[in-house]
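Consider the two complexes below, in which chain A is the common component and chain B and chain C are the respective partners.
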Partner chain A sequence: MKIVCVTACTVGIAHTYIAQEKLENAGKKAGHEIHIETQGTIGIENELTQQQIDEADIVILAADVSVSGRERFNGKTIIQVGTEVAVKSPNKLIKKAEEIVNQKK
Partner chain B sequence: MDVKEIIDINTIKTDLDVENKDEALRELAELLLENNYITDVDGFLNDIYAREAAGKTGIGNHIAIPHGNSEFVKKIGVAIGITRKDIPWETLDGRGVKLIILFAVGKNNDGAQSHLKLLSSFARKLGNEEVTAKLLQAENPESVKAVLTS
Partner chain C sequence: MNGNNPVFQIFFQCALDTREEAYAFISRLASREERGQKEVNRQLKEREKAGSLFISEHVILPHVESQWIQTSRIIFIRPKRPIVSWNGSNQHVYLLVCVLLKENESVQIKRKIASFIRALADEKLVNRLINVDEKEKFIQKIPKIQEGLE
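Then we have the complex of A and B:
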């Protein structure tokens, strides 16, 4: 399946990027296509394209602060968690995303 | 620029002989002071503790990443400490900590974008289990640097 994510943390220098790395590895390991936008102190990187968002089966927001541009995901299925969840249990989070997407089918 | 530009061998200590979080943070902050990254140990640690109070910085698997924005930071940098034994820390997996990576970032980062970018790629490496497993095994500052820049 196709997943898009946004990661963002309070200070914007550490958890944002650790969560990015962990989600990316977990997503790829499970065989998914995954795109992750980071919103940190240096600003937005890997900004998701409208096409990536449109094609995504599910959106994972791993954020401790409000996600900028959240309206881009209106109408999508969204899992919202703190960065801690993505850092601690990335594989579980991806599994949960799979379950939610499968239920919808 | 490359990550190796923010990894300073002088701010890496692989034989930290400390009993707790406070001793570890203080020793790493002293290293940052000696090497001109920060201007004041106590002021800097206050800002680090402000972030500690906001949530766990122990990311699991014996690693902690204390950090925060501090006006006492002159230059963006990182101090890395490896302790001989697990020390108590607030962690996501409830285990103690052996590898402490202390980020020093200023409050005003105008003109520091490229360094912040390096710091973010460095943070990203810490989300990679292969990297952290090797770091935990590192026996001297040179090998810590080698793992992070490979």
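Then we have the complex of A and C:
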């Protein structure tokens, strides 16, 4: 499965990056290809390419604030949660993504 | 202090029994001025309204960016006793990892803080940190902390 994510939080220095790391670890552990863009106080890093978005089976937006460039994901299946969910339960979140993608098949 | 690194501070055996006491302590570290302390305290609480600070079962990550902060720093606080029922939850806090970010901080420092924060995604590291009883051993378990320790 191919997953693209965006993480962003209010201050943009803490949960943005810990959510990124946890989701990346959970995604890889489950055997998925995962790309994560961070929108933090440093700015946008690891910006998702159009190809990565086009090829993704699902989009996870783990954000406590508005995601910049959300229109890039129009037409895609999106899971939107707060960073709290990605930090606390990254494996469950990836599992949920799997279930949603499998339901669509 | 190395100007290219965020400052780290560690406080062990802190007599902090409540969230209010913990936030007051962090606010005093953030600013010497009373106005600054009040503002940082308010910002910390405001951030918590946006979402839980817990990054694992007994560890929270309060953080704030403020004009009142003179030096960006990462502060580890080990209360003498766990702070029970943090913010009305049924969770007890054994360790606080606080990020105080000064306004208009350099991208270089921000990147280093972000890099350190990513390391806290490692549950094994976090579990080791909450189980260490001595400050020196605690320091040894944290990657790259020595170069910025104040």
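Just so it is clear, the second predicted complex is superposed on the first by the 105 of 105 C-alpha atoms of A that agree within 3 Å, B and C clash if a C-alpha of one lies under 4 Å from a C-alpha of the other, contacts with A are read in each partner's own complex, and residues count from 1 in each chain.
Keep this in mind: a contact is a pair of C-beta atoms (placed from the backbone, for glycine too) under 8 Å apart; a residue touches a chain by one contact, two chains touch by 3 or more.
These figures come from a predicted structure and were not determined experimentally.
Partners chain B and chain C clash in the overlay (superposition on chain A). Of the two partner chains placed by the overlay, chain B and chain C both lie in contact with A:13. Once the two complexes are laid over each other on the shared chain, residue contacts for A:21 go to chain B and to chain C alike.
In the superposition on chain A, the residues of chain A touched by chain B in one structure and by chain C in the other are 10-11, 13-18, 20-22, 25, 38, 40-42, 64, 84, 87-88. The touching residues of chain B, counted against chain A in their complex, run 51, 54-57, 59-60, 65, 67-69, 92-93, 103, 105, 109, 113, 116-117, 119-121, 123-129. Interface of chain C with chain A (complex): residues 47, 50-52, 54-55, 61, 63-65, 99, 101, 107, 110-111, 113-114, 117-118, 120-121. Interface of chain A with chain B (complex): residues 10-11, 13-22, 25, 38, 40-42, 45, 64, 84, 87-88. Listed in rising order, the residues of chain A touching chain C in the complex are 9-18, 20-22, 25, 38, 40-43, 64, 82-84, 87-88.
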